[in-house]
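Note sheet for the following structure.
We just call them A, B, C and D in the order they show up, numbering each chain from 1.
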Amino acid sequence: PGRQDAWLQSVPLCLAGFVVQGSTGEAPYLTQQERLEVMSYVRQAVPKDKLLLAGSGCESTQGTIEMTERMAEAGADAALVVTPCYFRGGMTSTALIHHYTQVAEASPIPVVLYSVPANTSLELPTEAAIVLAQHPNIVGLKDSGGDVTRLGLLVHKTQNEDFQVLAGSAGFLLAAYTVGAVGGICALANVLGAPLCQMERLWRAGRWDEARELQHRLIEPNMAVTRRFGISGLKQAMEWFGYSGGPCRAPLLPLTEAQVSELRQDFTSNGWL
Amino acid sequence: PGRQDAWLQSVPLCLAGFVVQGSTGEAPYLTQQERLEVMSYVRQAVPKDKLLLAGSGCESTQGTIEMTERMAEAGADAALVVTPCYFRGGMTSTALIHHYTQVAEASPIPVVLYSVPANTSLELPTEAAIVLAQHPNIVGLKDSGGDVTRLGLLVHKTQNEDFQVLAGSAGFLLAAYTVGAVGGICALANVLGAPLCQMERLWRAGRWDEARELQHRLIEPNMAVTRRFGISGLKQAMEWFGYSGGPCRAPLLPLTEAQVSELRQDFTSNGWL
Amino acid sequence: PGRQDAWLQSVPLCLAGFVVQGSTGEAPYLTQQERLEVMSYVRQAVPKDKLLLAGSGCESTQGTIEMTERMAEAGADAALVVTPCYFRGGMTSTALIHHYTQVAEASPIPVVLYSVPANTSLELPTEAAIVLAQHPNIVGLKDSGGDVTRLGLLVHKTQNEDFQVLAGSAGFLLAAYTVGAVGGICALANVLGAPLCQMERLWRAGRWDEARELQHRLIEPNMAVTRRFGISGLKQAMEWFGYSGGPCRAPLLPLTEAQVSELRQDFTSNGWL
Amino acid sequence: PGRQDAWLQSVPLCLAGFVVQGSTGEAPYLTQQERLEVMSYVRQAVPKDKLLLAGSGCESTQGTIEMTERMAEAGADAALVVTPCYFRGGMTSTALIHHYTQVAEASPIPVVLYSVPANTSLELPTEAAIVLAQHPNIVGLKDSGGDVTRLGLLVHKTQNEDFQVLAGSAGFLLAAYTVGAVGGICALANVLGAPLCQMERLWRAGRWDEARELQHRLIEPNMAVTRRFGISGLKQAMEWFGYSGGPCRAPLLPLTEAQVSELRQDFTSNGWL
C-alpha cells in the first residue's frame, strides 16, 4: 500500500487518468469478483479529477453488458471494451457492430473500443470502427495494432464525430499524434509516465527534434515491457522504478535471469536507469 | 427436452461419449454457473457407460484448476483443457508445460489436452505435447489443427506412453486413423454421428474404398458447420436432422437466408439431406 | 558424375519419375540458360520409361509459357507450374485460373499445378484447382501444403476429371493415399526413395500397421530436409546416403556443425543411419 | 512517348528522383533484357540532376550482383535491392546479412535495402538492417511494411551511420518524417507526386495541421493504388491524371468496372478528381 501510494503520488500530475483491467492488468486471470474489487480499490485511491477507465470486455455480449454495468457502479468513468475473439471466424464487421452497439446502448457510462491484435489475433475492422464512431455512447478507440496509416484514416473518417483515437502503445505515440490521435493508453506509462507526458508537451510546443529524440529512447523500453517480455517484464521494471510490480499469475512465468538482464539493458542503454 | 431425448437415444449406440463445453458448446459465452449446470444436466441424461468430457480450460492456471475440480464434482469423467491464449506472446512451451502440469497434478480426473488454433491462434507446440504425454494424469490430446503430419509425429513420439491422439474435426478423421489416432472429437457428430461411426467401422474392417468415399462426403458438411458457418451453421443443421439447435448467443449471429441455402447445399450435394 | 550415376541406378526401379527444378532443385537461383541445361542433362541420363517433370513456373504468364515450351523441347514429359506469388494481393482465383488456362492452352506438354505455400505464402485456392482440373491439358496438382482435408476434397470434387492429386511432401504421404491421392512428389525421395516406394506397396497390400510404422519413421527426416533445414539439409543428407549433394547457392547458407548434428539425429533416431 | 514526356515535365521540379523496377514497375514480369532496356530508356529521359534508382534484386546472390552491375552500367545512381524470399524458411538474419554484404561489396553503386512484406511475406529483420547500415556501400532502406515503431527504432539505432530510412508507401509518410525518416519512395507519387512534395514542405515549415490534413486525404487514394487494387489500380488512375498507365501484364488482371468505380471514389471523395 505504501508503495502504491508512492506511485499514485508520482504520476497524477501529468496523466489524464488510468485504466484498470486492460490487457496489462491481467484481467483474463482475475475472477469476476476480483475484477470489481480491484476497480473499487483504485476508485478510492485515485483523485476524482482523474479519469478512470475499466476494462469490461467479455466474450459474450450479455457478459460484457453486465460487467460494464458493474464497473460503472464501482465508479468507472468509462468502459474499455476489448473485441471478443474466441470464435474469430464469426467476428465479422456485422457481428462486432452488433456487439458494440448492444453494449453501448446498455452501458451507463461511455464506451471506448479496444483493438489489440497481439492478444486477440483480431483487428476491429476499420469500417466497423467508423460505423461505431457514430454512436453517441461510443467515444473513442484504443488501437494497439501499431498501424499508423489506419489511425490516420480513422481520424479522417470520424472527424465529424465526437470520437477520440488513442494510441494503444508508447512505441508509436508520437507518430499517432502526428496523424491526429489525441492521446495514448500505454503500458509503459506504468514506469515511464513522466517522459510520455513530456513528449506530448514537446510535441504540442513544436519542439519536434526533442520530441523525436524522446520517442526514440522510449521504443526499446516499450518493446521490452510489451511484446518482448510482456507483463512479467513490466512488473520487473516497476520494481526498479520504485513501484510494486509483484509476480504475474500463471500461466505467465516470471522472467529468467538472462531475460532480466536483457530487460535492464533496454532501459539502461536508453538512459532510463 | 423431448427432442433432446431423441438426440440422446439416436446416438449413444455408436459414440463412445460426449463433450460438454468444448468450443462448439459455446463455453466462453456461459457463466461459470451455467457451465456447471449444463454439465450436471447432461450427466444425468447420459448413460453411465458413455464417457463424459468437460471443457474446463480458463485463461489462468488457478481458474482452470478450480473449474476442473467443479466439473469433476458434477460428474465429468475427464477434463478437456484448451490452451490459454490471450497473452499468446508468453505462452511458450515452458509456460504451457507448467500450466498443464499444475492442472494435471490438481485434477481429480484425467486431463485431455486441447489444441484448436482456429479459435486460439495458438498451437500447443509438438514438443510440449510430447513432454506432457509423460504425465500419468494427462491421457490424450484433441488436436483440431488438421496437420496430419503432426498427428503422426505425436503418435510416434508418444508410443511408449498411455496417451491417445484424437482428431479434433471430422474432415481429417480417416487420415488421422491412418497415422495412429484412436478416435475423434468432432462437431459434425452432432448431426452426422452415425456416418462417423460407420467410417471407423469400415476402416477397421479394411474396407478402404468405402471408408474413403464416406470421408469424401463428410468434408463439405464438416467445413460448413465449422470454419465456414461455425456454431450457427451447426445449430441450423441440427434442426434439419431432428434435433434442437436453437440460436447462438451474441455476438455470434444467426445465419442469413443466403447462408442457410449454402449450408443446405453442402449437405444435399453430398447426399445427407 | 560417377556419384550421379550411382544415384540414378539406385532409384529408378521403384520411382515413377523425376522432377527437375521443383523447389528443391533451386530453380529460382538458376539462370534461364542453366535451367534448360540441367533439364537436357537429366533427360539424357534418365531412362525414357521414367517420367520427367520440369518446373517451368515464372511470375509472368508469358514467361511461364516460354519456359514451358523450352522445357518441352528439352525433353520434359510434363510441366510442374508453381503459382506466381510476388503480387499476391492480385493473385485471386480469377487471376490464377486465367494464368493456368493460358499456360495449359499454349503448352505442348501436360501441366501439373503446384501449390507450395511454405515458399510462396500463397495457396492455390481449392475452387480454382477444381475449375482448372476440367482443362484437358491440366492433369494434376502437387500440393505441398499438408492439409489433407483439402486433398480429400480435391479428390472428391475432381473424381469425374482426368486429374491426379499428388502429395507434395513425404510427411503426409500415407494420409494422402488414404484420401485418394495417387502418389507423391517428395524432396525426401532424394535420400529415402526406396522406403517411400515400400510404404506405397505396404499400403496397397493392405499391410496398414507396417505402412504406418514406416510413415512414422519418415516424418522427422522429412521435416529435417524441408521446413527445418531446407535444401541445405537435404544436400548434407545426400552425402551420407552416397549421393552427391554439394553446396547450395547463396543466399542459402550451409548448415552449421550444430545443425548437422541435429539433422543426423533425425535420421539416426529413426533408424535410417 | 508524348504523354511520358508530359509526366517527366510535370514532376521533376519537386521529386528528388525516380525508381525503375521497384514492385510497381512490375520487375518480376520483365525479362532480364527488358529490365535493362527500360532502365536505359529512363536514364536518357530523366535529367541528370535527378537520382535514378534501379530495382536489381533477384532471388540468388549471384543473380543480384550481376543485375546490379548491369543496372549501374545502364546509368543507375543506386540499386534498390529487395529481399530474396522464395526460400523464406532459410532467409534468416545471418543469410540476409551475408546476401546484402556480398551485393554491396560487388556493387559499383550504392545499395538501398528494400523490405516489402506485402509482396515477399518476409520482413528484413530489424537487427539485420542495423548491422547492414554499417556497411559503407549500403546507404539506406526503403521500408514498405508500415510499422512506424520499427522505422523510429531503425533511425535511432543507425544515427551514427550514413544511412537513410525511407518510407515505402505514402500512407504513413508524414508519420515516418516525424520519427526521423528523410523521405519516401511511394507508388502514389506516380499520380499525386506534387501533393506528396507539398506535404513534406508543410512538415518542414512547421505547418502541422495542414500537413496532417493533406496526409489524411492521401490515405485512401494510396490504399487504392497499393493493397486494394494494386498496380492495375495505379495504371488506371494514371490515365485520369493525364499520364499513360497502360495495361498490366498477366497474371495481373485489369480492373472490373465496379473496381474502377470504387477506385475513382477513393480519389473523388478526397478531392483529387
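As a working rule, a residue touches a chain if its C-beta (ideal position, glycine included) is under 8 Å from a C-beta of that chain, and two chains touch if they have at least 3 such contacts.
Every value quoted in this text rests on a predicted model; they were computed, and no experiment measured them.
Path length between chain A and chain C in the chain contact graph, taken as the least number of steps between touching chains: 2. Seen from the C-alpha centroid of chain B, the farthest chain centroid is that of D. Averaged C-alpha coordinates put the centre of chain B at 34 Å from the centre of chain C. Per-chain Cα centroids separate chain A from chain B by 35 Å. Centre-to-centre separation of chain B and chain D, using mean CA positions: 48 Å. Multi-chain contact residues of chain D (touching two or more other chains): none found. All chain pairs in contact, by the document's touch criterion: A-B, A-D, B-C, C-D.
On the side of chain C, the complex with chain B involves touching residues 146-149, 152-153, 155-156, 169, 171-172, 174-176, 178-180, 206, 208, 212, 215-217, 219-220, 222-223.
Taken in their complex, chain A has these residues touching chain B: 23, 28-32, 59-63, 84, 86-92, 94-96, 98-99, 102, 118-121, 227, 230-232, 249-253.
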